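So, here's a batch of structures to check.
You will see chain A twice below: alongside chain B first, and alongside chain C after that.
Right after this comes the complex of A and B.
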């Protein structure tokens, strides 16, 4: 189907986005659902990668932006819906792309966009009862100083100044003027609990039904199995899970609000703290998004360094994930110790290169912050040709055929192929379900098209296959790294002069990379000022959780822990 | 053990030195506690990963008697607040703190737990866990390196060494007060602030205009 046929069918309802620096289509909200169904069924855009909103305050408009892709690979399709800012209502796409579920809830929570037809439109990152929608451009946080950094207020007349000094209670809080604490009844989790599915009466086999009680179990936010501050409410029927709802936001650190006050470069260290096990990978995604807008590319050597760092990061993250998965399966801490020992060796390389073990802050627009120090290439060479392959084989021998690992993980938490696509799962979760979608191949970025590597893929979609995919990906990363070390050229590591304040022309861009957890995307809208107008993160851990409830149904509590471990979430990225 | 413990200048006969040591009650009590601090297994954010590294083989805090990480607050002595404290999480943190039996200590790990860190201005961020619970040791860094955390833990041991049974709060006659649990209202409400909030409202004369939405 061509563009003309499209516009014919949706006459007056579908326009090309003609703003300078923008792409895609603007769809009228009345026809949105139909349009989405058309592109999914007739054009093969079956994978909805990202949904987010933008508050165009000067135009009195809210825009919802969708990025759809084909699960076979190839470039994406961007479409948007524009609605007035006051009481914005947009039809929900959950019925067509269930993966939009959490993302629409997030847009409701943070921007106040009401998605009509959403089955469960509650706040997701903040709590029910919080005042306002924080990502609205005219919403000011309690510690508001100025709308853009650098703040002048931080250093008035040469004296250091702390914002809390002139705030009531010296705390980061603000209340609506009419608020009284006396009458306030905190909205506990009643709505959440009452919305949980019950299995209802069971036929006892003698014609009479057997009434069973529903039990609600809360796991987290402080629970050793949840890898951080994650909470799940599980509705149990006997031992069996009838329903599971993740409760998020316990680590919501307002990356996006802070990011829109920051200048472009200031956001780089913040990206480190998203998926804090893979800081270089996050840097990569953000750098790509901004470079796309600026229209620059890094020099050869920088590209190689970037790929090297990204792949080392993948190894680090997967090692950690395998370690924690084994923790969750009951092999407490011993496999973790093996994994962490290897991780430390790579962290030493990161520290030598960037000055920090975890929060590397190493990428810059148009290159990297500094060149590799002397001797590092030899170290990496030794690691990726000698030590790591041996250690990965060792892990493989210990774990893959282990009887307990196999019984605990084969056939558990199955996510079938179609569902994986529908739910916009990404990364190893998607590939373990038989979809060979890897952004490095599907829409190759940087210099990944030069390397010889395979996309790891398995077909059963269970916990075991996700573990195997990760193991295989470590091997493939080692393969890439061997080629990088062999081919890396000499030369510049940065285009042009390093700058504090970059010039970013107006427009939008979506940069995505294959991070260890899955597709990490940055959606950035620039209006030509030193700060991004919109800074949105499509986080793989967050979206992978959409399918989590489905994967758990019918299993036991102990399996939930294993399934969560196999999705491999990092809370910094889930809650942002 | 003899050398750290031997306190008062009592002359123990030569032949008994390897069996007997004479010390003060404070010393032996503190020595016991400082050598088996059980931290709570509870991570908040990025800093928690470095905490895990400290628990792993390269840095290994079991050298200080701290390897027994307890997932339950009822069994732990030390809360390592390892990461950003958010408004949504602080009620749980206070609750966990209240559930820990005394003697109990708090170590604020990293910039976030100490003062809000890079996310201080965020609308969901509590700028420092010490706004709600008392902190014994602050460890700077973002994240603090494992060495820094180890140093913080040693500092905590030094603090324990200086305490005396006679003055610590958990041997006072009256029971310690639990810390009031913050409430999630339109924004975070600290119950201790409610009187101030009320007073402030009373002092503001309401304008005649009834509505203003």
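Right after this comes the complex of A and C.
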């Protein structure tokens, strides 16, 4: 049965989205849950990739956009729900797709969409008690200047000023009504703590087991294992973890709001700052999304350059991830620094090509910023055929069979196959659980269909398998790179003339790439103006954390550190 | 047997350790503080320890390296500064964090804009070193600098660069980006030649 036939079953409740430049279906909110169950159980769309709220201020409407895929691969299904902008209520899909959990909380937090039936609808990126919903179109941030860039005060009468001087503290912030900042005593996290599962209480005093008590432990926000500012509240029963809640948002800067104030091109360097270990990959995803809207494709050479950069990025990121994982396991800095040495050599290439080691800002709509400088291809060739394969083997030799590594990671943090799909896990986390889902194969983009490579896959879903998947992916990336260096043609590196103000026709688009951390998606709505109307990021690090609590249950605190390391998060992307 | 993996791992570490000293011996005390040895130590054939003894040693930056932008001027016959910038404002429009301010003045007599900026500010605290300004300036008037040692004692007084502070001569530009410079000069010469040819044809 095809989806078209289902429109009959949902008469009047399911319609094609007929707006120009839009795709998918609009479902009535009353039947949303039923529809989601239908597509999951009967049509096989078992993987809910992304949940995005959009504020259509002029239509007085809020829209929630869902992107669902089949875990076997293939194109996706887009469906939407529209609700009035005042007090928007949408049924929660957490019961069907648990992976919607954090994403719905994010939409509640930033757009004020109430998801009915969500088990834990608290703010996630902003703090409890924050006033307003910052991604609403009529919300203005502190130090607000104008709603769209470029700002008028810069030219032709640009007198430099510091925004802090124009709007000193307290004139730039909004408070909830009846809030006095001077007399404010921060509340304890009672709501958070009281929601934590206790195990001890239920067995207590029944004579069969030791009487235990619940202990709450906060790891972070400043904790070396979090690789940034990230907090975990752990509920312990004896030594065992009964529940774990990640607390996010310490690095939140409302990237998406900034993105909506920016013009299309300005967002490119901002994407570098998401997963700052994989800036080329972020550039790639964003460029794809905007190019889809503009209807352009880059020339051959640019495609090859892009793939080359993306695969080098994957190696960089996986090396870093393996290094830090070993750090977290207690192998203090030796493996890390060995991995970083190889990373440095690749960063040298990035620097020569793009001008920066980490904040590359190299992709442009319809190509890349500049051609490869002379001699770079030879350098890459030398690295990917000679040095890196040797060094990856060395990494393999001294880590894979190491007894301590094996004891610390085998059987730890297991995420079974079904759960991995349910929780919308992505990237190595998903593939280590036996799901061979890789966007490069599942819905091939750019020129990945031309290359010979295998999707790394393991079946145990534990910390060790995630490490092995990453190691294998480095090898596969090297394979792709060897083909790229062999086949790269001469020619243009950019279609058309470079423009600083691109024209993007109205419509929506979702560009997704397989980033080192998982599926990175950019959802963009254009209304034909120079600035995107909506700019949303499906961030793999963020969504992979949804299953984190589940993975930790029953383990010890020391394992939490290993499990977090194996998910491989980057806080720049988690908190955005 | 239990422990083999550990021993293998330690073997790799030992190899790295020994290689560092082997390299020291191979270079006979000339392994540090010299450009040739630095290039070797940081290249694809590097072995042993990989660190750079900053600030005594500095990694050379590639031509495309970008830090803070600067304004290019040419030196006129009387030694005056001829700015390439026409204060067209494109860089300030393309700048993502909006940290470029340009004052364009009008000629008091004709009322027409003067094609050279009266003032030019960049707040280097806000600048994200993206290089878009240099990339989209139609007059090759603003370029990205290689100087990355920018620490200063007073953030408030020193970090908004004005036109004076931003200006660097075209010879400096040539010295840090010779390939780009040659390429742009060739393009300019070609354009001039085409113009000349058109004028003659008339």
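Heads up, the rule we're going with is that the second predicted complex is superposed on the first by the 542 of 576 C-alpha atoms of A that agree within 3 Å, B and C clash if a C-alpha of one lies under 4 Å from a C-alpha of the other, contacts with A are read in each partner's own complex, and residues count from 1 in each chain.
Quick note on the criterion: a contact is a pair of C-beta atoms (placed from the backbone, for glycine too) under 8 Å apart; a residue touches a chain by one contact, two chains touch by 3 or more.
These numbers were taken from a predicted model, which means no experiment stands behind them.
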item	value
First (chain B), second (chain C), both or neither touched by A:432	neither
Touching partner for A:158 - first (chain B), second (chain C), both, neither	second
Partner chain in contact with A:406 - chain B first, chain C second, else both or neither	second
First, second, both or neither for A:341, with chain B first and chain C second	both
Which superposed partner A:221 touches (first chain B, second chain C, both, neither)	first
Touching partner for A:269 - first (chain B), second (chain C), both, neither	both
Which superposed partner A:359 touches (first chain B, second chain C, both, neither)	both
Touching partner for A:130 - first (chain B), second (chain C), both, neither	first
Chain B versus chain C as contact partner of A:498, first or second or both or neither	second
Touching both chain B and chain C, residues of chain A	145, 269-270, 337, 341, 344, 359
Chain C - residues contacting chain A, complex	2-6, 8-9, 11-13, 16, 42-46, 50, 61-66, 87, 89-90, 92-96, 98, 100-104, 113, 119, 121, 123, 128-132, 135-136, 144, 156, 160, 162, 179
Partner chain A, residues of chain B touching it in the complex	41-46, 48-50, 52-53, 55-58, 71, 83-84, 86-89, 92, 96, 116, 118-127, 131, 142-143, 145, 183-190, 193-194, 196-198, 200-201
Parts of chain A lying in touch with chain B, wherever the complex brings them together	125-127, 129-131, 134, 141-145, 163-164, 168-169, 171-176, 179-182, 184, 186-187, 221-224, 228-229, 249-254, 257-258, 261, 269-270, 273, 276-277, 333, 336-337, 340-341, 344, 357-359, 571-572
Residues of chain A defined as touching chain C within the complex	145, 149-151, 153-160, 162, 262-263, 265-270, 334, 337-338, 341, 344-345, 348, 351-356, 359, 361, 369-370, 373, 379, 382-383, 386-387, 394, 397-406, 498, 500-501
